[in-house]
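In the two assemblies presented below, subunit A is common to both, partnered first by subunit B and then by subunit C.
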Partner chain A sequence: MTNRDSTLDWFMLVLRRDLTLSFRRSATYITPLIFFLIVVTFFPLALGPSQSLLSSMAAGIIWISALLSSLLAVEGIFSEDFRDGTLDQYFVSSEPVFVLIFAKVLCHWLVCGAPIILASVLSSVFLYLPSGVLFALIISLLLGTLFMSLLGALGAALSLGRSAILSAIIVLPFSIPTLLMGTAIMSAAINQQDYSGFISIMGAMLAIGIPGLCLLTVEAILLNYE
Partner chain B sequence: MNRVWSRIKNWLIAMGSPPHFYRWATSSLPWLAGLAVIVFCAGLIWGLGFSPTDYKQGDVYRIIYIHVPSAILAESIYIFMAISGFISMVWRAKIAGMLINSAAPLGAGFTLIALLTGSIWGKTTWGTWWVWDARLTSTLIMFFLYAAIIGLHSSIENKTKGDRAVSILAVLGVVIVPIIKKSVDWWQTLHQPSTFTLTSSPSMSPDMYLPLLVCVLGFYCLFIFMLTNGLRAEIISRERDKSWVKKQFFKY
Partner chain C sequence: MSNILKVKNLNCRRSGEEVLQGLSFTVEAGKNVEIIGSNGSGKTTILRSLLGFINDYDGEMFWNDSEVSSTLQEGDVSCFYQGHQIGIKPLLTTYENLKFSSSGFNSSQEEIASIANKIGLKHFLNRQSSRLSAGQRRRIAIGRWLLKDFNLYLIDEPFTALDDQGIELIEDIVRELNNKGASFLITGHRPSRLNSQKIYLDVKND
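Coming up: the complex of A and B.
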């Protein structure tokens, strides 16, 4: 890379590298998907197969499962790069590190979030989600899983080399606004009300969260270099 | 004006050094303890013993003199922690990091007291231990946030590193706590109208309100006393290898 390369080129480089690495190993995108489907299946098993009950709870169930699986998936996002020294290279490069971190998170979201959203369409059939709200489900999950990936990356950075459950305890209380907004979108869509306001709020949270959380994540990773 | 400001600044900078803070804390601790005991007891005795009985709820309402101060403290301690977190992140002041560490268990304790007394009060007046009211829910979430901070700090062996990790969480928390409160409010109004409100009672009369105010002050004094005391222990345990601690305790 020459000096004239802009930050965007570096961003794309990190994104491409991570995407290639992820697709070489099927576990990275299959595992969260299977986890999501298993959690969704557990709800009818625990609550009973009553169609009306499941139909009224479908949106909440899908959202909780998506939150948990995208959180668990992001848990190991930095561990390998930290061990083999790739992260060190980010810090010694002259580029702003939080942009490169965002590339990692974005790649992770593309690899894990997208299959989960596809699976949520499948599970909306399993759980008798009322018809006509599929669009709301997809758009709310698109925004929500990205926010979860960002939060999860911060949790992963703070608990680097420690247990996964610690990362979950750190991140889950902070993910409550996302969960509430997402389910608000869903219940507004089911009642055939306008939900664009909630989508705007989620978008605003993302707009603040992308730079803010990436900066905090960089600060948290730096802790491991002392 | 300028001189006053620079004196305050110098005092704050001096306070950031552990030995200096330790000496200040040791000399002022009896005063803090005395103040806390006097105001705390005065508020509680006035509130529990001498304020008039509520015409609707009877004597049960007196739990307010514990419930409201601890709920207020639960929130202000969080804001306090976020400010110290910001200071420790930006200026790397040692004391600021230790402050979070000693304030977090206190905040969690006050949140727990607020939740428990609230639920006892709710059982007698509403007939149920718990409702998913917006305010109750956000207090519960507050408790989880404290638990996350305590859990993260205790999992990191290096205390200084733990301070910085926790200050990241505290700063993130102060951004997200208002969002949580707002979204829980919306969540509540969306799903069902709130059955019970804590604010619907008519404004309190002064002879009920004044003891409450004294109680809040008393709880604050108690918190400051406990925080200073806890911080002293924290300083000693962290700086036990430093020469000033050895001089202080072992005279060599």
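Coming up: the complex of A and C.
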């Protein structure tokens, strides 16, 4: 077996393991989804049913709700594995730790980020978001929530063994560029302007973020051992 | 016989306080070393310092007969570590806990079934670990030793929560792996019946 096959097997193993655990512990994926739907629903209740008002605020509402929801479960990315000794065994094994981190981030996105994207399509209906901007909403959230999972993993690694809220406090200030890019894409789409430049910037953030933030996360976890 | 690990004058600290001074020992290929001491004597600290999880130590480590002191990561030794926390997930079955471990991902279903048979969990392969006893969960952790060939096993208090059969199981497995050339560095509160060099630690009370 080549190293590449072995690395891919290792990646798939960690991903399968974390997905299995997440689906057996339904709160992992249901809590962020319910939180997202509750927050989004509160806005029409608080602001009233005015179509023009809700429509103008929809993109911001969806984006802020998605960011906050995706941070709800970040603490769990490493905490259990750290407590029960699994991370020790993974770190001592000769398998690449970077791959382990990325598999765990991808699992977090699949169980938290992806359902939020689907829920955002549903919520766009009662926030009167024009149907013509749905593609922009989905693509911006796809890039944005994956980047948030990467940032969340770093925050979770830095706050291992400490209060769960600490990781959210660490991550939120760093999520501002993602929020700005996401809402810029939506504004451009609503005003029928070209938004491909913003998507490219978000794509570039993600391309740098995957290796950069995963490596930083490895170092942040190691800090907890010292 | 080649040395897997040679430790010279190891001084370990925990939270800035010195827990042991001047420890030296050698782990030869296919042989075992047991570090015996009471709570707080620094057994876990030694293992975690060797693994690089704790960097607050001084002394020299020579991995794989090297003449240059190095860390485990530089030493090119395949290691398996089992700490106090054994990393068994209650929501996973016996099969999944073996398969999804750091040593088991290349193992086939047949290999895992054969290991489950060896550790006495043949009939519990598809049972979630939350429905197993603490001793049975320990047996899964022992089964992980067999999933892949390692040079050195660093095992922190492996006899905890095991009945007589469980202890015999460990002794048999250690012998089997010794015959394949693997070495064990084990910690414990009291000496075991294993054929090993035994090192006794004292608690520093000052």
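As a convention for this text, the second predicted complex is superposed on the first by the 221 of 226 C-alpha atoms of A that agree within 3 Å, B and C clash if a C-alpha of one lies under 4 Å from a C-alpha of the other, contacts with A are read in each partner's own complex, and residues count from 1 in each chain.
The working rule: a contact is a pair of C-beta atoms (placed from the backbone, for glycine too) under 8 Å apart; a residue touches a chain by one contact, two chains touch by 3 or more.
In this text the structure is predicted, and so the values were computed from the model without any measurement.
Look at A:A220: by the touch rule set out above, it reaches subunit B but stays clear of subunit C.
Judged by the touch definition given at the top, the superposed model places A:V92 against subunit C, while subunit B stays out of reach. Once the two complexes are laid over each other on the shared chain, residue contacts for A:W10 go to subunit C alone; subunit B is not touched. Of the two partner chains, subunit B is the only one touched by A:S159; subunit C is not. By the touch criterion defined above, A:T20 lies against subunit C but remains apart from subunit B after alignment on the C-alpha atoms of chain A. Shared contact residues of subunit A with subunit B and subunit C: 226.
For subunit B in complex with subunit A, the touching residues are 89, 141, 144-145, 147-148, 151-152, 155-156, 158, 161, 164-165, 168-169, 171-173, 175-176, 179-180, 183-184, 186-187, 190-191.
Residues of subunit A touching subunit B in their complex: 154, 158-159, 162-163, 166, 169-170, 172-174, 176-177, 180-181, 183-184, 187-188, 205, 208, 212-213, 216, 219-220, 223, 226. On subunit A, the positions that touch subunit C within their shared complex are 1, 6, 9-10, 13-14, 16-17, 20-21, 24-25, 80-81, 83-86, 88-95, 225-226.
Here subunit C touches subunit A in the complex through residues 48, 51, 53-56, 72, 78-89, 91-92, 96, 99-103, 105-106, 144, going by the rule given at the top.
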